[in-house]
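Chain nomenclature is as follows: A, B and C, assigned in order of appearance, with residue numbering initiated at 1 for each chain independently.
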Amino acid sequence: MDTVRATLSRSHRHKEDGAVNHPPTARRRYRRALRWALALLTLILVVPLIPYGLAGESQLRSSSADLWRDARQTIRPDAFRTQVQGDETAVLINVVGDQWRTFRTQTLVPYGGWLLLATVALITLFFLFRGRIRIAGGRSGRLVPRFSANQRVIHWFAAGLFVLLGVTGLVLLYGRYVPIPLLGPEGFAVTASACKEVHNLFGPIFPFAVVAMIISFGRGNALRGLDFKWLLRAGGLFGGRHADAGYYNGGQKGWFWLTLLFGLAISVSGLVLDFPLFGQSRELMAGAHVVHGVVALLFIAAALGHIYIGTLGMEGAVESMTTGYVDAHWAAEHHNLWLAEMERAGLVGVEPNALEEVRRHDEIDFKGFGAPGAPTTEG
Amino acid sequence: MAKVVTEHDYARGVAVLREQIDARVAAYLSSCVGCGLCAEACLFYTETGDARYTPIYKVEPMRRLWQREQTLAGRIGKALGFGRDLTADDFAAWQEMTYNSCTLCGRCSMVCPVGNDIAYMIRKQREAFAAAGYTPDGLQTAATRALEIGSPMGVTWKALAAQIGHAEKATGLKIPVDVQGADYLALFSSMEIMNFPEYIAALARIFAAAGVSWTVSSQAFEATNSGIQIGSSEIARELVGRVVDAAEGLGVKYVISPECGHAYTAIRWDGPNLIGRPYAFEVVHILELLDQLRRDGRLQTEGFDERKLTFHDPCQIVRRGGVEQPPRDLLAMVAPNFEEMPDHGKMNWCCGGGGGLSANEEAYDLRTTVFKVKKRQLEAVGVETMITACANCRIVMEEALEHYAMPVVIEGVTELIAAHLKPQPPAPTGD
Amino acid sequence: MFLEFVEGPLWYASVAIFAVGVVIRLYEILARGVKPDLAPPRAGGTAGALRTLVSRSWTAKGFSSGALFHLVAGYMFHLGLFVLLLFAAPHVVFIEARILGFGWTPAPHWVFIVAADLAFAGLILLWLRRVMHPVLRRISTFDDHAAAWLTFSVMFTGCMALLLSHDSLRALHMLSVCLLLIYFPFSRLMHAFTFVLSRGYTGAAMGRKGVQA
């Protein structure tokens, strides 16, 4: 605790803009961050619903308008009965579909498109200005086991499904705007048919991949004080001294929790949409569409960042997920506390073989990183 | 006389390898889907993590030859100039996988989902390597000694006669030698004669008490077969032929295979196929014979060994030989505190010393490393005494136990039974 | 036009290559022969063969932990594919029209979805393990990868054509089926037939020794 506080006050002293910043405890900071995250998520999900919520408020007074309003059942929707029993058989004209269509064409598509383009632009700019983050001091040639074979299998399983579902989903969302001008209506009909079938068939597998990811990668992802420090410095992304990090750094932990949140949201909404056999109302389906679409676009934008930094963006990163081993110098820069732990266990500079990576991987104490009293380089 | 090939001749190896591919091997190679489960069963992989010790990878030269010459895809590829033939480098590189890291224990053969008998394939690949001279020095020496002297360890009849003399003095019994028309011919392994000669005395006492008509042959006493170890059917045939000649010459009804693993494989299962005809006698393992005597009431014991003890299943006797229950029934007579180790029975883990590894100095470090699995089994069952029925297992494990500073003592089944024999007047012989 | 070619001449050619190829491969194996076993058996070889033929369908006692991944993913794939192949409605129609002349009740749609998802998940997980695990990396051949990807492409093109509305998608699926049939006898996919021989031979040999393998 003292180390954390001392570190925070040191960073406070070095703040460049001179803004006064009370150094709160790590716990309060964590709770605040959580509140902000939840507030932001709620805002993102609610804001698009405001327009059509407002639209329902218009009160034009005239007899035909009254008749029209009654027929549309926007006032007193339960007052209508019919002899035919079933879902929505007492609904004369349904407006929810049109509300969804409006949201999709006026909000989801344009904002989503800008979001994706902006993300790609930002990443490109970052790459052009910051370049590929090289391994400080070059490769040492000494390997450290990082991810077991099962972990890598589960990761690429989820990643492959994500890409497949993302691509097919984007084709379906942006069909009118991008593929149709390229392929023509008949060509797009075939493409869209194929994409829809693939998206709907592979979709139900994704929840299992998400759960598998959570189970396989959960250990070591609890948020701690040093992770918020890391996030403050953006991990040293913009130069300057790198922050402490354990097995996972703050950014990775953020990505883990994001994957959990978004993954579950998209899975649940997707299952609601894919299997309309359980009496889902039109409102529920429309709502599920909103959640699915919004979360998907946010997820894809975040994933683009993850993919960039894991491949092109950082030298020495992708091999952790392909070979399962990383270079010791890379670990020293990006996961210094974890490297120290691996040195203590005698696992640095090992020959790659199945025994090392599968068996002893489980012996590392992840809870030790960043906990009060745990060794840090700032000691 | 058969010869041990010491000069490298890989082309001869390829020719012999080609002949080894029978319908069984072809079926196995066609069915393998590369699942890698065989590795999980092999102690050489599980204790080192070295993927080169994957059992099916050990027969990669055989697979490549079969694929290239005996599949349509391979033949087309060869005609079009794809792929490459086996070279001397392949033989040199694979000598380690064929000999140093495989005991022919057959555990891999038990788990393959498509039923491949990989140990069978490795045995067949050894034929090619032996014919090509790509064999470890230790095995070449052992096989040469076996052919020239009669024992891989150089044990002569004189040495055995001396041990027999000691046993007679210790027991006060006469041990029959070269008795024409005896019922049973007893064989010994050199390892027993040199390291565990109490087996000889134990046999004498048990057979006297049970009234078994038996003899030892001065012409052929060696049960071990270096031809099997090095993988040369020619050498194996000559060695087993000596036993067959002696046994048929003496006119015995049965030949007893002693407490040695691959000796049982050699004489019981491989022998008739090596010499190309059935024997004029039957082969019985000492454990089977003792168990039969027990069931007939001719083997009477008294007293119990109160120590907590467990049983190590020698691979060639239990998994590859089919003698799983007899040692347990025998131990049940005298050991009330017997406890099975995990993975006991036909899925037990190899001691790491069979298949010629104990004669192969190059493999010493590796077999010490892979003993860790046996160490874990012993720690799990928590014993200080282990019984087994193979002298080779015994010597290999005693060395390893010392290396790991474990206070475990190993004994043989026969000597344990003999130690608890109920004193009886000798029954008339010849029944 | 392309669809007619793929469902006509190419289909017949690939079925012929498949049938003839499988027979030749089996003959090539059996023709090499096995020397008769002269050692007196302890028990029957036939009983042993039949026993092992069945028993290798699950893992040996005490071996489960090493084999769990393969057991689960393997059966997900094989059973899912089996249900898909024989009980998916479009397949039953095809079998009735083009192969057997009779059909059967196809599976309900939800069964098909579950089977397809299990088959896809199993296949993807198995192939990923093949490229990630050190042992499988070492023993895998081009054949293993080609077979996996060909099978995947058959399943994937089938999925794309599920709406049954576009000839081009149907043709793509039929094309990949034909390619798989042509590839089959030249590859490790032959294990689908030869596993009977390999399990049988080992079971017989071990059975004669009195070992239940």
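Note that in this section a residue touches a chain if its C-beta (ideal position, glycine included) is under 8 Å from a C-beta of that chain, and two chains touch if they have at least 3 such contacts.
Note that this is a predicted model, so its numbers are computed, not measured.
Chains joined by the most contact pairs: B-C.
Of all the chains shown, the one with its CA centroid nearest the global CA centroid is C.
Inter-chain spacing, taken between the CA centroids of subunit A and subunit B, is 59 Å. For this pair, subunit B with subunit C, the centres built from the Cα atoms lie 38 Å apart. Shared contact sites, meaning residues of subunit A that touch two or more other chains, fall at 353-354.
The set of subunit B residues touching two or more other chains comprises 45, 49, 51.
Shown for subunit C are the residues in touch with two or more other chains, namely 133-135.
Against subunit C, the residues of subunit B that register as touching in their complex are 21-28, 30-37, 39-41, 45-46, 49, 51-52, 54, 56-57, 70-73, 109-117, 120, 268-273, 276-278, 282, 319-322, 324, 342-343, 346-347. By the touch criterion given at the top, residues 69, 113, 116-117, 120-121, 124-125, 128-129, 132-135, 156, 159-163, 165-166, 168-169 of subunit C touch subunit A in their complex.
Only residues 21, 24-25, 28-35, 37-40, 42, 52-53, 56-57, 59-63, 66-67, 70, 74, 130, 133-141, 144, 185-188, 190-191, 194-195, 197-203, 205-206, 209-213 of subunit C touch subunit B when the two sit together in their complex. Partner subunit C is touched in their complex by these residues of subunit A: 149-150, 152-153, 156-157, 160-161, 189-190, 193-194, 196-198, 201-202, 204-205, 208, 324, 352-354.
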